[in-house]
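Two complexes are shown next, each including chain A; its partner changes from chain B in the first to chain C in the second.
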Partner chain A sequence: MSEYQVLGVRTPRTDALLEASGQVVYGADIVYPDMLYAAARYSDYAHARILSVDVSEAERSPGVRGVITAKDVPVNRFGYKFQDQPVLADYKVYCKQDAIAVVAADTEAQAQLAAEKIRVEYEPLTPVLDPVEAMKDEVLVQEGSSNVVAHIKLRKGDVGAGFAAADKIVEEELSTQKVEHVPLEPHVALSELRPDGQLVITTSTSRAFAYITQLLKILRMDMTRLRVLTPAVGGAFGGKNDVSLEPWVALLTLKTGRPVKMVFSRKEEFFTTLRHPYRMKYKTGLKRDGAILARKIEIISDSGPYVCLGKDTLTKASVHAAGPYNIPNISVDSYLVYTNSALGGAMRGFGVPQVAFAHEVHTDTIAHELGMDPVEFRRKNLFYDRGEAATGQLLDSRAMRATFERALELEKKSNEGREEPRA
Partner chain B sequence: MIKKGTGMACMFYPNGSTGKANPAGAFIKINHDGTAVLNIGATDIGQGSNTCMAQIAAQEMGLKLSQVRVVTGDTELTPYDAGTGACRVTYIAGNAVQKTARKAKRLLLDAAARKMGLIHSGQLVIEEGEIFLRYWPAKRMTIAEAATYSERILGQPIIAVDSYSPATMPLEEESGQGMPFEVSIYATQIAEVEVDTDTGEVKVTKLVAVHDCGKMLNPMLVEGQIEGGVVTGIGYGLYEQIIEDPVEGGIRNPSLATYQIPTSLDVPEDMVIDCVEIPEEKGPYGAKGVSEPTCNPTAPAIINAIYNATGVRIRDLPATREKVLFALRELERKEEG
Partner chain C sequence: MSEKVAVSLKINGKEVTLLAAPEQNLLRLLRENGYVEVKCGCEEGDCGTCTVLLDGLSVKSCVTPACACEGREVWTAAGVSRQERIGRLLRDNFAKYGASQCGFCTPGMMVTGVNYLMNNGVPDRQAIRAAISGNLCRCTGYKKIIDAIYHTAQELRRETAGEGML
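After this line comes the complex of A and B, so read on.
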């Protein structure tokens, strides 16, 4: 085949050899002359008032060149839609993963040692860790009147009428857990001040422009003074969608005048955003022949103490929660709830893996309740060529049934010639 | 005892962010020597998008893949891109790259037309590094010759800029109705499991994954993405869970010794991967993104297979050994009682 025919052809990545031979430059590989290493001090409580932060002993610790606390952050709240997340905790800690201070020292070990010497005085508050408990609003995580920070609604058709006409109603509760992205490469960020005064942050991110948008506000800079570079990224899966250690290294460089590097340990990697756990209630009204008349869904998402991308993920989840099925009447109510548990954020599938689990298990439960084969039940209800989503949008869904039939065919074919297992 | 079963799951998922502008920009310059630089804001996070974007640019401009350099990962040098997420790079950045490459090609053809003495470039085609007349193919020149002529004789270096953002709108506040996405992708997966009823251990022995991504631009990358997604889904379905202290808060298992991810030993021996390849007319060369939701159907397909094998329905992820074993015992008790 001609080397000019490059599309539709099995083409190895252009950097495959470099990757395989370890020659690609990741953030952790970068070393600047005179570089300092940073280490963070995290909260001892999931929910507490901070009475005082004493960094004097840390500052005197060997090799330490600078320590930053909330006082050093020009604008100490960030977030895409809701600016509720502190860069460094100021008057309160909202979860155990909150950082209170960050140290820059000549070596990583010196920085870590000094971080342990930071004295924090707390007044412990009751943490609220369960989202259903949190919805009672007995303990408020953030300032405001309720822990329910968003309520997303979808209304298509008339579910009441759909249920009234149903021969059978199936209800089911399903839930998912909190998970971490576990990229091969943990978060890493470096910052350096160029001779012309430009602050350059090199960071492992999937969204350099989203990062700089946040960092410009936090640091009160413009794009002539601040620049974000992305080296090779060793996997992200949504976990590198939100700033975390970038403002810390930037502020330490501004404070010390030296380049600063920070690489998260595997433990700290778990302190970044996680996939939200969902609690989901599904209720479906059916005709005896298996036609779906109505579906009502309720979702509770544990956001952790900040909104982060929790509303966006929950919106996408709500839009897809009813599944790729022809359902004339749909109602979805989704609640995003603040708690003092570890923060949720973007992760591969962005809210939809949770609801895909729910709508597909629910589909099998319904088929079982109706005494139908789950495959036949799907064949009856899956989107045809123009599926109508829960938003009312018409989709080009020709591929839905194509993948369904092909999967069955390939499954059958893969069994041919297989030896029957001995009993 | 080992019990076998199969389960199925279907899914749909969009390309692009929900109900808002999420553009990708691209710059292209064609150098006088017939090589090109493609400058994009979309970051390659390990999934291979730099290769895929270079493939689109090379194909559109009649260049070899090795003749296209990709510049990315710099907020100063590259145009804006909403980011590598929302399964949007192949479809949205890919469209931006194709549109930009078309513009660059147009400039190249115009220069070639002038050099050849043509009235306009209408009958010129680019193929395999050369520009020639469709009906008089003997009349030809290389891309390098046309680019040099444009830059050094006409004084018009070949540079092109364009962008793409899907036509979407925000959802209506009260009803959630609207058109939040431009295109969606679909998939069906079938899992086959073996459940050890003595230990509760679930082994995924086969996984059939059939996905839709329009036309595959690079089948090797598509397969890699589906394989990776399936493994992610196995971890979600069977092993992975953050455990937090219910009283004090804080993560109890922030390490790979205590937070269990799937290893190569957990990958099904039998993995059947395929794409249906219905071209997407709005996509670059008929393509849509595939990667992000490849994990979505895996966990429910496994859970449905466990039910099919044992009659036990797990409604709370993940289906750990303890959970499956406990549910099996409960089912036994019910059946006996």
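After this line comes the complex of A and C, so read on.
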């Protein structure tokens, strides 16, 4: 029991009983009278020029009330800082996850059937799927731009001098893969036109205000005419940070005058943003006693065909890349690279889990090569009682000491009574 | 479009007749008729959020054909959470132990939990783990869900033991 009334007291959530009895309303649970259902037609290629899009057969398909293509989008490029992502593919598809047209029909099955009847003529282009290949710029993903869309540099001290004074240098290459957030609730969006002319978009997102900003530009709409509402959200983990199906339902409502709903299938859920895969090179210069003199890092991030939140995640990753260790000389070069693979975005940790994996594996490798106990090596170099981060930020809290020692205690406890693994 | 057929079944204790398309699954039939507490997460039998009790057995409603439910009894999370004594106790313990975060897997977890407890579920964390292995949760890391079921099992056992002494 806590000696306080609030601190240390477990408080049940106000909606916990509703959740346990299934009474919380999520986007997919909302039904409007006279509502239409939308289904998208996605690209057949990772990289291709679009020669023609024929929606006439889809428009004649049973139950269909409207079809939208790039021609219906007022401003067909969006993005937070780089406006490089189309709402619907126009002259080319940049990846297989790009949508080309979206159909609204009386039922979901009718919409899906009609979406299959859309005829797309392509001229296939060579896709570039490997970020290291893409850096050569032999195939350009976005015309008029190098595939290296951002280079983030971080410098502390003089790494050259640090390596020159080192007794030992350890080099290592590490990579991480793409990860989907897989929220239990797939993306869902609804739109309706209210009698006063207001367009209301209800969508499963963590960032309603960021969406309004983007949707106002895409729809070229006056702020007083657009509202974005969020019902209960069934998990996001960063995967519901970016506009995806919202402009489609909005444009279909504007076209048909009817409310429109779209729910992603589990397969479509994997078409939304993923955790960026990183290729990382670590080089560390050390004294014989285990002191770290210098660390040089290179990160290549596969952004997919658009920037989205790739630059922001990579900036955060670069700041954390050297790890929580006192290192006087640090150099980090990070490259955000366009490819024709699936789009990267925000996910729990925002770039840090990738580099945390790398700097900790690298730390164990170094300890092994120096013949030191990895725990002692960490105690020697960690921001144990104080530290200076790669950015020069001074850290004087004892949180690291408390966390590190407690983690060791817990590990020891969980290993007690466990059989020694056989060699 | 295929002709719809009438399916008579008992849902949460109430007799109803619903119209189902021959290819329709039980999940869609239930949601179309307002039982939206049954959630759709994957519609391919993986995630377990659409779990319901069908004649006392927990099944994934997305891979259960609607027409095969003629004359059968269905309980959803909304129904079981009102049930004395197991359902209400588990619902309260889900709240008490913080067993839901985003809440989207919760209706399926509740049904699976009730099914475990109804079938003489013992307060054994390993057995509870096995029982909920067909239900995915992305938020909690399962610990609090297991806690809620575990403590409910313990409370139920204590009550039964008390009755035995009378």
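Here, the second predicted complex is superposed on the first by the 400 of 423 C-alpha atoms of A that agree within 3 Å, B and C clash if a C-alpha of one lies under 4 Å from a C-alpha of the other, contacts with A are read in each partner's own complex, and residues count from 1 in each chain.
Convention: a residue touches a chain if its C-beta (ideal position, glycine included) is under 8 Å from a C-beta of that chain, and two chains touch if they have at least 3 such contacts.
Computed from a prediction, not measured in an experiment: that's the story for all the values here.
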item	value
Which superposed partner A:407 touches (first chain B, second chain C, both, neither)	first
Touched partner set for A:186, first chain B, second chain C, both or neither	second
Touched partner set for A:350, first chain B, second chain C, both or neither	first
First, second, both or neither for A:235, with chain B first and chain C second	both
Chain B versus chain C as contact partner of A:155, first or second or both or neither	first
Which of chain B and chain C A:340 touches, first, second, both or neither	first
Touched partner set for A:126, first chain B, second chain C, both or neither	neither
First, second, both or neither for A:3, with chain B first and chain C second	first
Which superposed partner A:396 touches (first chain B, second chain C, both, neither)	first
More chain A residues in contact - chain B or chain C	B
Residues of chain A at both interfaces, chain B in one complex, chain C in the other	10, 12-13, 15, 182, 232-237, 266
Touching residues on chain C, where the partner in the complex is chain A	36-44, 46-47, 49, 76-78, 81-82, 90-92, 94-96, 98-107, 110, 136-139
Residues of chain A touching chain B in the complex	2-15, 45-47, 95-97, 127, 129-130, 152-156, 172-180, 182, 205-210, 212, 223, 227-238, 240-241, 266-267, 269-271, 274, 312, 315-316, 318-320, 323-324, 332, 340-342, 346, 348-350, 352-353, 356-361, 364-365, 368, 374-375, 378, 382-383, 387, 389-393, 395-400, 402-404, 406-408, 410-411, 414, 421
In the complex with chain A, residue positions of chain B that touch it	4, 6-14, 17-19, 41, 43-46, 48, 50-51, 54-56, 58-59, 62-66, 70, 72-76, 80-86, 127-129, 171, 174-181, 183-190, 192, 206, 208-212, 215-221, 229, 232-233, 235-237, 240-242, 244-251, 254-256, 259, 261, 270, 272, 274, 276, 278, 280, 285, 292-293, 295-297, 299-301, 303-304, 307, 313, 315-318
Of all residues in chain A, those that touch chain C in their complex	10, 12-13, 15-17, 19-26, 28-29, 181-186, 232-237, 263, 265-266
